[in-house]
Amino acid sequence: MLNWGPDPDADPATYTYTFGGVEPAVQVRPGQIISTWTMDCFGGRVRATTDMASQVCDPRMLNPQSGPFYVEGANPGDTLAVHFVSIEPRQGWGVSSTVPFFGSLTATPTTAMLHSALTERTWIYELDLVERLVRYAAADTDFTAALPLDPMHGTVGVAPPLGEVRSSLTPGDWGGNMDTPEMRAGVTCYLPVHVPGALFSLGDGHARQGEGETCGVAVECEMDTVFMLDVVAGAPISWPRLESDDFIMTTGSARPLEDAFRIAHQQMVLWIAELTGQSTLDSYQFVSQTALTPIANVVDTNYTVVCKIAKAHLRGAVAAAGMHDHMRRKAAAWRA
Amino acid sequence: MLNWGPDPDADPATYTYTFGGVEPAVQVRPGQIISTWTMDCFGGRVRATTDMASQVCDPRMLNPQSGPFYVEGANPGDTLAVHFVSIEPRQGWGVSSTVPFFGSLTATPTTAMLHSALTERTWIYELDLVERLVRYAAADTDFTAALPLDPMHGTVGVAPPLGEVRSSLTPGDWGGNMDTPEMRAGVTCYLPVHVPGALFSLGDGHARQGEGETCGVAVECEMDTVFMLDVVAGAPISWPRLESDDFIMTTGSARPLEDAFRIAHQQMVLWIAELTGQSTLDSYQFVSQTALTPIANVVDTNYTVVCKIAKAHLRGAVAAAGMHDHMRRKAAAWRA
Amino acid sequence: MLNWGPDPDADPATYTYTFGGVEPAVQVRPGQIISTWTMDCFGGRVRATTDMASQVCDPRMLNPQSGPFYVEGANPGDTLAVHFVSIEPRQGWGVSSTVPFFGSLTATPTTAMLHSALTERTWIYELDLVERLVRYAAADTDFTAALPLDPMHGTVGVAPPLGEVRSSLTPGDWGGNMDTPEMRAGVTCYLPVHVPGALFSLGDGHARQGEGETCGVAVECEMDTVFMLDVVAGAPISWPRLESDDFIMTTGSARPLEDAFRIAHQQMVLWIAELTGQSTLDSYQFVSQTALTPIANVVDTNYTVVCKIAKAHLRGAVAAAGMHDHMRRKAAAWRA
Amino acid sequence: MLNWGPDPDADPATYTYTFGGVEPAVQVRPGQIISTWTMDCFGGRVRATTDMASQVCDPRMLNPQSGPFYVEGANPGDTLAVHFVSIEPRQGWGVSSTVPFFGSLTATPTTAMLHSALTERTWIYELDLVERLVRYAAADTDFTAALPLDPMHGTVGVAPPLGEVRSSLTPGDWGGNMDTPEMRAGVTCYLPVHVPGALFSLGDGHARQGEGETCGVAVECEMDTVFMLDVVAGAPISWPRLESDDFIMTTGSARPLEDAFRIAHQQMVLWIAELTGQSTLDSYQFVSQTALTPIANVVDTNYTVVCKIAKAHLRGAVAAAGMHDHMRRKAAAWRA
């Protein structure tokens, strides 16, 4: 097993805040078990209800990523497979907030208006790692709720195409800040490789998140994450995909939100056609009656939609040359 | 029990194709059990794979509705509650199709382009009402799939505000063609009342539907539907809401799709605040971590998004003065 | 000449607030000179800087229209031609305002957010009909500006298709509240006829308006308008078009704004192909290098974009069987 | 005068295809007259109607830029002023084309659909530099048109914020591929400085372009361009602005198109308030009645809208500390 994570004592300015544009931090072999940790999206600077992100954070140093991991043998035209063996909060607390001019129910720099910002506020959540609960307490009343712990990574990606370098706040065809709750342990994420080594990074752990991430901030926390990287050679994809034991999933990240929907569903129509041998038109029909479509985020610089199809409907068709099952077995063997 | 449905032998031109603008067909008492039937969205004209909707249907006579039902005592400022006791396909088959310039993955009259239409095709599904399956067979290959039967109404609504009359093809704040798979038996739908009697209609039965209704046409079929209408007096709402045994739900119908998302989630934030006594800002936070957000449709003249929150998180808060439980009990008593 | 206008002493509830759903007010012959007057969008209720629209107006009685005019011989499949001979403010003042949750730089019921409304304010403009100026005075400072008078009608339309009845606040393929400053005297507007007699109405006079109508309210005023209605038989169009002495123009009204752009430009590509005999692909190229594209409104329930092409580039091609020139000559003869 | 341009004999892989991520090519002093040349967007590879961009161009080498120019003394927090002294086609021809899945009236990778691509075609235009005409000839018929020559740069920008590197095909708050016909000789463009030296580049010359750039490709040509760069110290802006002798202009680049509109108009409301001393609310009103709003592009990865206000309405208010007039005078002196 490879242990690597960012140096907690380093100057925050030296952390990774982009996909692309950063030298590899560490080199890994396909199939290697990797143990890492990730900072929260605020770089650990928002720790109490009196900490306001707009005051304690440097806007150039939001959403630090762990990586980049250089994957031996990954080359443009390949697909990178990322399997999450485990994703566990490092500490007994998480944090959320409203951030001025950020979120789905507020004016933003892009949906530019003349309103004043909504009130900025920070909520601290208790993470009960034994009971597997996320404990919410309202600030203005005594309302509380114990919500299921459901840890995931909001940000997972590789170096983008066309030589671009993209902020870790943005999702796109390189992955990045997709913010889908489907990115949990037991899931394999497929990403297109644009540069030698793929240059994979991850971060932005959430103890849980609602679909759409309405206010723009989930229950943010540091994570201890065990994962594997592998390469599906010579099988390029255009957009990130996911696979769990029960579902195959496509993603689209764009604005307006219907374009994110269109990308995810066009990609699924093409994928299902390939997996089942159906014509494109039949696959369009089949997807129309079987898709589940949880929204990922409607808050980031691109919005993300996920399209899910149950494997049970696919008559045993195998995606990505069986990579998901292969990695599941490897993870099980490692745990044993 | 009141039995009323459209006359199957009537001139199709006499059916109801709009919300608003039509005289009441029948008057009902709040709480009365109503048994009706609904035509399919094609008015029964597409019955074989050789029937093409663009040839056999009159575009002015699509999506016929059963109603309007005039509800005694329903007045502007009230909320109409619609409880679906049962929704059952009338026959052993359903139909879907690609319709020229309609659907999410094609140019349309609104997303106007210079492409030729995608190929028009009709699929006939076998509805196995014993095994509760919808049997799909591809047209170009021998791929088949047996999908769960999950009957629902795509179109459910009342007369719109401002004296408008809206086609049954459009969803909006009056309900209408929302096309959400959540509109199934056991669910209560709440609609704003804009005119005396509310003038409720329903139609567009689907044996099942994927979220988003990608190609624009679900597994369409005639339905036998038993339902109740009741009035929540003096408690107006702005947009349609739903309630099941486990969830409360809000809807938004608009373009672009992010505005449908915004409406549904703003409405949920306000509703949760009202139900739990939380401040708006706390409710925004709470919804951000708990919402499920299944897309309803990305094909109609407005797109529809649903926001769902589990009642389990609401500490026993009761929506709409307990109307859903009240109607559930009445339905159970009637069945017994 | 026919003189007809709404009765200024009538109950405002009897005025026309929709396209469709209203009995004809008066019947006219094609080519007849018609003199009418139109109320302002507030029905005359906002007359001083102390009048706030949200307080003095009934939301069900906004944007009253003059009409409907039943045009003899106009039938579905025809095109109605509307030529504006003159559009003159009736009085020496106009009014604008910010209206809560209405406009392009504010949250709205559709772009739903959690902000409080922007401040509501009313501005009164002096209309100098001699100097042809609209005199603006800031409320909070002594800044003033004298802007060119440029009278136009924001709302011009016919009964919609599919039996729909649409509020006069909405633009669409029936015309309606397009809010384009191009709708000035000397211009001919072409509208699709959906019902016998077309049922034409107009209103919403603006002494002038910026492109996009940013805050949602132009310099609103009552108008004295002289116009003609005529019929281009058997030449249907899908969306409203305009023609001036120098330009042909198409419109699209939809959300998101790019769909309004797409409609207007697809319609122009098809129109130019028809007028010049070019192939669709050549016409697409030609429009790409020659179009002017002033935005009409980004505030109404649909947004409107106009596409303009200079007639000078069309080698003498004649639109709508020469109707514009025909009406120009008739108007000149009548004035003489 | 400084003469600098890309080496026409260099390996195309060495040209500049991004904003950010490229070492400065040359260093300039504020106010210096600079003479450069720019390649066309295809890097000169599409020269005949038989050359198809999808075949002769490498997608990683589209839209080469001339630069970056390192401007002495330009620092984050400053504004860079770019004044175009002259923009002249280098040769007697220009080129346009339809590119598969690119343009406003076609499915694209983002507005993803299931259509086949529109036909790819290349048009060659004659540029008559004496008569100042762009001569268009249809491919399928003998239709021709002589259009006014109106040379401009589609792409003008600096290094982006947040360490991002962005393709020259994309517009944003760093400028880039805005594709507005307003970027012509005699105009000053203001850009926010994000890195020391600003790192300015320009390219994508158009002999002329319709507003919106409907098919995605203007009349593309190499340009000889004379320009100046200067620094407005300590006066940061958020989005690119332009100034001509008669207008001040703001830009917004985003999707959906209404967000581009919102950005441009919010920026103009704030700018006018600053220039005229009006309150924000008064400025909102003033802009609503005076804005001209030509669409720039509805084809690039972000769409761009321009908002223009006539200086005549501003009572002599001076933008950017008089930089435009200063540069105009300098250019006149240089020419003399």
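Descriptive notes on the structure:
By written order: A, B, C and D. Residues from 1 in each chain.
By our rule, a contact is a pair of C-beta atoms (placed from the backbone, for glycine too) under 8 Å apart; a residue touches a chain by one contact, two chains touch by 3 or more.
Quick caveat: nothing in here was measured; it's all calculated off a predicted structure.
Ranked by how far their CA centres sit from the centre of chain B, the chains are topped by D. Averaged C-alpha coordinates put the centre of chain A at 33 Å from the centre of chain B. With centres defined as mean CA coordinates, chain C is found 47 Å away from chain A.
Centres computed as Cα averages put chain B at a distance of 35 Å from chain C.
For chain C, residues that reach two or more other chains under the stated contact definition are 105, 111-114, 118, 255-256, 262, 265-266, 269, 281, 284. Judged by the touch criterion defined above, the protein chains are all mutually in contact, each touching every other. Remark: chain D residues 17-18, 20-21, 59-60, 109-114, 162-167, 169, 238, 252, 254-256, 259, 262-263, 265-267, 269, 280, 284 touch chain A in the complex. The touching residues of chain A, when paired with chain C in their complex, are 105-107, 111-116, 118, 256.
By the touch rule above, chain D contacts chain C in their complex via residues 96, 98, 103-105, 118-119, 121, 123, 134, 136, 138-141, 143-145, 147, 208-219, 255-258, 261-262, 265-266, 269, 276-279, 281-282, 284-295, 298, 303, 305, 307, 313, 315.
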